[in-house]
Amino acid sequence: MKKLNVGMIGGGFMGKAHSLAYAGMPMFFWPAPAIPHRHTVVDVNEQLAKDAAARLGFDNYSTDWRAVVNDPEIDVIDIVTPNNTHAEIAIAAAKAGKHIICEKPLALGAEQAKEMLEAVKAAGVKHAVAFNYRRTPAVALAKKYIEDGRIGKVLSFRGTYLQDWSADPNSPLSWRFQKKIAGSGALGDIGTHVVDFARYLVGEITDVNAMTRTWIPERPIQTGGIDKLGTVKSGSNDVPKAAVDVDDEVITMVKFDNGAIGTIEATRNAWGRNNFLTFEIHGEKGSLYFNYERRDELQVCFADDPSDAKGFRTVYTGPATPYGEGLWPIPALGIGYGETKIIETYDLFKAIAEDTEFSPNFNDGYQIELIADAILESAEKGQWVNIEKTAVAAK
Amino acid sequence: MKKLNVGMIGGGFMGKAHSLAYAGMPMFFWPAPAIPHRHTVVDVNEQLAKDAAARLGFDNYSTDWRAVVNDPEIDVIDIVTPNNTHAEIAIAAAKAGKHIICEKPLALGAEQAKEMLEAVKAAGVKHAVAFNYRRTPAVALAKKYIEDGRIGKVLSFRGTYLQDWSADPNSPLSWRFQKKIAGSGALGDIGTHVVDFARYLVGEITDVNAMTRTWIPERPIQTGGIDKLGTVKSGSNDVPKAAVDVDDEVITMVKFDNGAIGTIEATRNAWGRNNFLTFEIHGEKGSLYFNYERRDELQVCFADDPSDAKGFRTVYTGPATPYGEGLWPIPALGIGYGETKIIETYDLFKAIAEDTEFSPNFNDGYQIELIADAILESAEKGQWVNIEKTAVAAK
Amino acid sequence: MKKLNVGMIGGGFMGKAHSLAYAGMPMFFWPAPAIPHRHTVVDVNEQLAKDAAARLGFDNYSTDWRAVVNDPEIDVIDIVTPNNTHAEIAIAAAKAGKHIICEKPLALGAEQAKEMLEAVKAAGVKHAVAFNYRRTPAVALAKKYIEDGRIGKVLSFRGTYLQDWSADPNSPLSWRFQKKIAGSGALGDIGTHVVDFARYLVGEITDVNAMTRTWIPERPIQTGGIDKLGTVKSGSNDVPKAAVDVDDEVITMVKFDNGAIGTIEATRNAWGRNNFLTFEIHGEKGSLYFNYERRDELQVCFADDPSDAKGFRTVYTGPATPYGEGLWPIPALGIGYGETKIIETYDLFKAIAEDTEFSPNFNDGYQIELIADAILESAEKGQWVNIEKTAVAAK
Amino acid sequence: MKKLNVGMIGGGFMGKAHSLAYAGMPMFFWPAPAIPHRHTVVDVNEQLAKDAAARLGFDNYSTDWRAVVNDPEIDVIDIVTPNNTHAEIAIAAAKAGKHIICEKPLALGAEQAKEMLEAVKAAGVKHAVAFNYRRTPAVALAKKYIEDGRIGKVLSFRGTYLQDWSADPNSPLSWRFQKKIAGSGALGDIGTHVVDFARYLVGEITDVNAMTRTWIPERPIQTGGIDKLGTVKSGSNDVPKAAVDVDDEVITMVKFDNGAIGTIEATRNAWGRNNFLTFEIHGEKGSLYFNYERRDELQVCFADDPSDAKGFRTVYTGPATPYGEGLWPIPALGIGYGETKIIETYDLFKAIAEDTEFSPNFNDGYQIELIADAILESAEKGQWVNIEKTAVAAK
């Protein structure tokens, strides 16, 4: 069985998730298409890098990502760093002929994403963007229903991603609130996951009409450099503050190329919503509803059920649903965040092993950046913005 | 105790609901502000009118609404007829000095609504539009929380009204699908309830940006004249069809005068959603969620709850919440459609008895028509439309 | 259309509910089998009785229930008084040849219930016990599924009735906590509703094995004589207390004559449960779940659904489900407590008009008293108790 | 950092789960108390063992569990084999001085469990029984609430474990339906998890009163020897069948030493329930509800909340709740089955490193076997059975 050496750039929260997936993927999907080997992890200083290797099970560590990218032993580069570093690393990795998986959003904007896409196409390597949520088995089941025609032609899509970890004005000004590092705010961080759902499940988005708001205009400056999401204690009132220059909330209407319409909303100011990533899809013959907070479940209603027994079914994913053969032996044993990453890793290594296209890839990442840019432009201008369709989005 | 004679124009589904409220209101709210007496009911022919009187408990019946409107014994005119007849009846009733409750939407459009408003203002009578859903105790509780500052300044509002009773292309072309009778489709029929929620709970809507769609372009012509909503059997394929000229679905973004933003969606093509009238409100200090399908409950999250016990509370309305003294003695004994109408009747008769303003009244009805017209204009033009604020909306 | 004069003994909370049903029944079910006419209401003193008549829409009032029971104009006696008075009134009414509807539980125990049953049988009148919850449309739908074989042979039943209105030790010692008036505590007040569900949906209960507990051994003595359930403010610590001599909680295992098994739990000490009347039924071919707090819904799972679309369906009752023709025109418009009483009234007046048996009747009420007595005996002895089957339970 | 070598006996579904936990634990809990090293895995034949090593990341494999148990390099023996083999392996491992984690239920009955307990006590090794569900963060949060007195004295407990993977009469006769291998049926397989919850959250169980049923008396003989739970396709009607000699369903009433009462139900014949492991706990000052199918959530109601904002809170576990520092950075990112095993591994390796007691250990496993034996005895005799308290249950 083929082994592929991974060089992972970044050792934070996402590094943990990816490492678990590298360790666990063959346990779930066996025979594995290829065995991921945790070869080298990179972090910003010696101590962090050494610690990350020990913690995450990598054989080696480094503080020099360029060296790792160019290490001939490495087959796959995994980019789990802040958004502003993705392009440089990915382009270098492509030039070095490495397959690449890059955290989302792909880039700080469409222009940068286009360069990355051109680099991987020129290099002929496999490329993946880590919109892992579409790999939740319940989301994959929704995709299957739609492809099988079980809810008919899709009419409308309503997607949300609501969180509250930064709803407190005293939560720190991490890199996620700084445009130069993050590119955008709720839009890029979480809204793009909904855009990925919309494209995956419904079709290409052609037009957007959006509003953005920054509800908390300034936040306490973060002293430690590390992104800790909601785990950081709120700053005291004495801590100096600086301006937030990205969106806290984005709302957009969307039009799809197949005639469907919809809305997307992403906010980090929704008290009580933790990871409320949802979609509701109305088709001519049925409806779907999904909420990641209850991710083992897909709700589906079929129009042709008898009138006295019609209603949303709560289907728990398991052995009979997508990826079920490899996962847990009965439904509701429990899909966690880890499992979404394990499935993502499986599909990526399968694509590498079988020389097929992984999706979502840099094509998709680029298209999503185009959509995100259009959303920001629309919000600024207060009008509909049309999106250039640049690439056939593999699904 | 004062008795007020009601003349009810229309004896269909809404007539049933209002009649139950007239009978039941004093049973729940005692001493009643005034006793509604079911004096005369009007329907389109002798048989229907006679039947309605017997069924709904009216002393008299008539086929001549003008006679009833001008009957000196009548104190209150209740208009429960299709939308296109509201204006003529209401204006005549106002001229005759009667208090008026009119089903929603108030009119076929803002122009007509304005005439109605001017008529009632000139006459000095009490006027009410029957957006009864805001009288669900859980909605009134949401209002109370907001007024008491318990969720802080409102940032965003997301409201939906999703149904499926006409999602079948063979469901008949009732008056609700004809512009000349209904004025608009999902927008006027159900979307205006969400607009009423938005204005009641958040504030005045200043701008809209909308899309509408007619998913089912033609429907079987209805032979019987009566509106039966979902109870009508689907037509066979042999029945001749005619065009639908109103919207099946409307989506709009909204801006409020206090800086909040939001979305409203109404559709009758959402399989599995029966009466899915919902709102989610995010404030600086908390959030609210309501779904009329589970109308005994309000979900509320308070930001200042301890971190290990924070989350949406499911509060069942009862004696401790608004209108609770008059309703059932313990929570979850059961609020149905009837109770919303009983509360509406209570508030209206109290306003009459105490000579105060009922809300929502024709001011509100007119403002909602302005918003609805702006939504249609926005959908047609594909751009933001600003709404003239014409009246101080009593709440 | 035939009119039947009702004499209602009692003007409290249940009197309100029944009065609404008398007024509303023909509005919903038309042509009505017979028109209930609110003839005379009885209460304990002149002022209360007069007030009740005005409030509840009765033509006359009285403080002398015997006179009303013997009034030749009266056709139906409705008993909505505390449990200890049921027998005397019902037996007198039977002797006077009146049809009878009596609130639950039928009596203070089986012996008393037997006398009542014998009286109505001797008199040949119609008799009903007001276990109204089985008339929730979703419960009637469950019954239909079971009768149609859609979940196969029933294996197990789990029913609960959980409340919290008296979970506070300072809530007053109303008649519901006094054995001489109530007969038993949670068992009679709410547990019998679950017993009614069990018999209605599964079959006759043959054996019970129970535990009871009185969690709050004494409560503040109530100064006003009226039963107010949860609306009464907690007594202060100064109020003298007296002993509670009934159960706060009862748990029982049950065996059915058809081989099914189950559990029943009733408690008034379940903080956060308001009217949590539920059942879960497992059959060979499917399952059912119902929770009255969300009473518009029945959950049903069919074993023969395809493996990738199997799960509980949330069916909202409406026009396509039992009683739907008469109720509201679309699902989820809203079933409240009132509707359950309206349906009960419809079925009772239909039984009177058509001279058929209403169910649950005094046979059922007696059988339920036998079961309740057996539960108390079992709890005391700590062993299984077999229940004599005394009558064919009409369903 | 100390490394502990694990010898795992068994390479099936549970082996996968444990292996993921060995790989992932240090990624989540860092610095780890000790690093689990996957040293050797044992399976029934060379091919399976070799495959398991490759798949699950063990350095070595073997078909000789005795050799592994006695391998001086091994520190911890992990027993993930069918129930009938636990005792022999565990006793041998104890004699060899190895720390032991054994899958639940501990043994085929109390007698066997007692021998195992005596062996580990004599050897002075650490011992654990893998009732992993109590390590769901939401269950640990429930424990914390109770210990902190936030719901007051516990009055009643209602626990269920409902599944449907073997509700089909054609699902195969795996070892789980054979008494000589499994000891009991639903009781041992899933009911003991509820017993573990009851003891963990409420206190020691002193008395039980139970019923058991075998709903499907015979099942198709399984040709492959491997336990696949629900993944096995239903047998055809041609396959020969053999008798099931264990329970499909068990219901028991329980009494606790602190005065609380309750019920426990476990069944594998509940269509639509997949892994419906729930508890509801009523205390004097609040209530708790947990459903593993929605395991990120704990429902809690506090009696002292204001009357207009009282109700169950849906708390999503995360950084602010037990184990939160080590898990995912925001609530609802997703707890799966894997995380429960990762936490279990963390606590076990911490107990080993710090020389403290792990719980639940063989004391608990033995006590649970006593309770399970009492349940079977009670079901057979039809009466209450008292349980000897044999050991102080560490919690």
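Per-chain residue numbering starts at 1, and chain names A, B, C and D are given in the order in which the chains are listed.
The definition used in the following text is that a residue touches a chain if its C-beta (ideal position, glycine included) is under 8 Å from a C-beta of that chain, and two chains touch if they have at least 3 such contacts.
None of the values given here were measured: they were computed from a predicted structure.
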Centroid-based (C-alpha) most distant chain relative to chain A: C
Tell me which has more C-beta contacts between its two chains, A-D or A-B. A-D
Any idea how many Å lie between the Cα centroids of chain A and chain C? 53
Whole-Å separation of chain centres (CA-atom averages), chain A against chain D: 34
Cα centre of chain A to Cα centre of chain B, whole Å, reads 41
Residue numbers of chain D (touch at least two other chains): 297, 302, 310-312, 316
Seen from chain B, its contact residues with chain A in the complex are 151, 155-156, 158, 160, 162, 164, 167-168, 209, 211, 213, 215, 249, 251, 253, 255, 261-263, 265, 267, 269-273, 280, 282-287, 299, 301-303, 310-312, 382-384
Which of the residues in chain D come into contact with chain A in the complex? 1, 13, 16, 19-20, 23-24, 26-28, 30, 32, 51, 54-57, 163, 165, 228-231, 274-276, 292-297, 316, 318-319, 325, 328-340
Considering the complex alone, what residue numbers of chain B touch chain D? 141, 144-145, 150, 297, 300, 302, 305, 307-316, 320-321
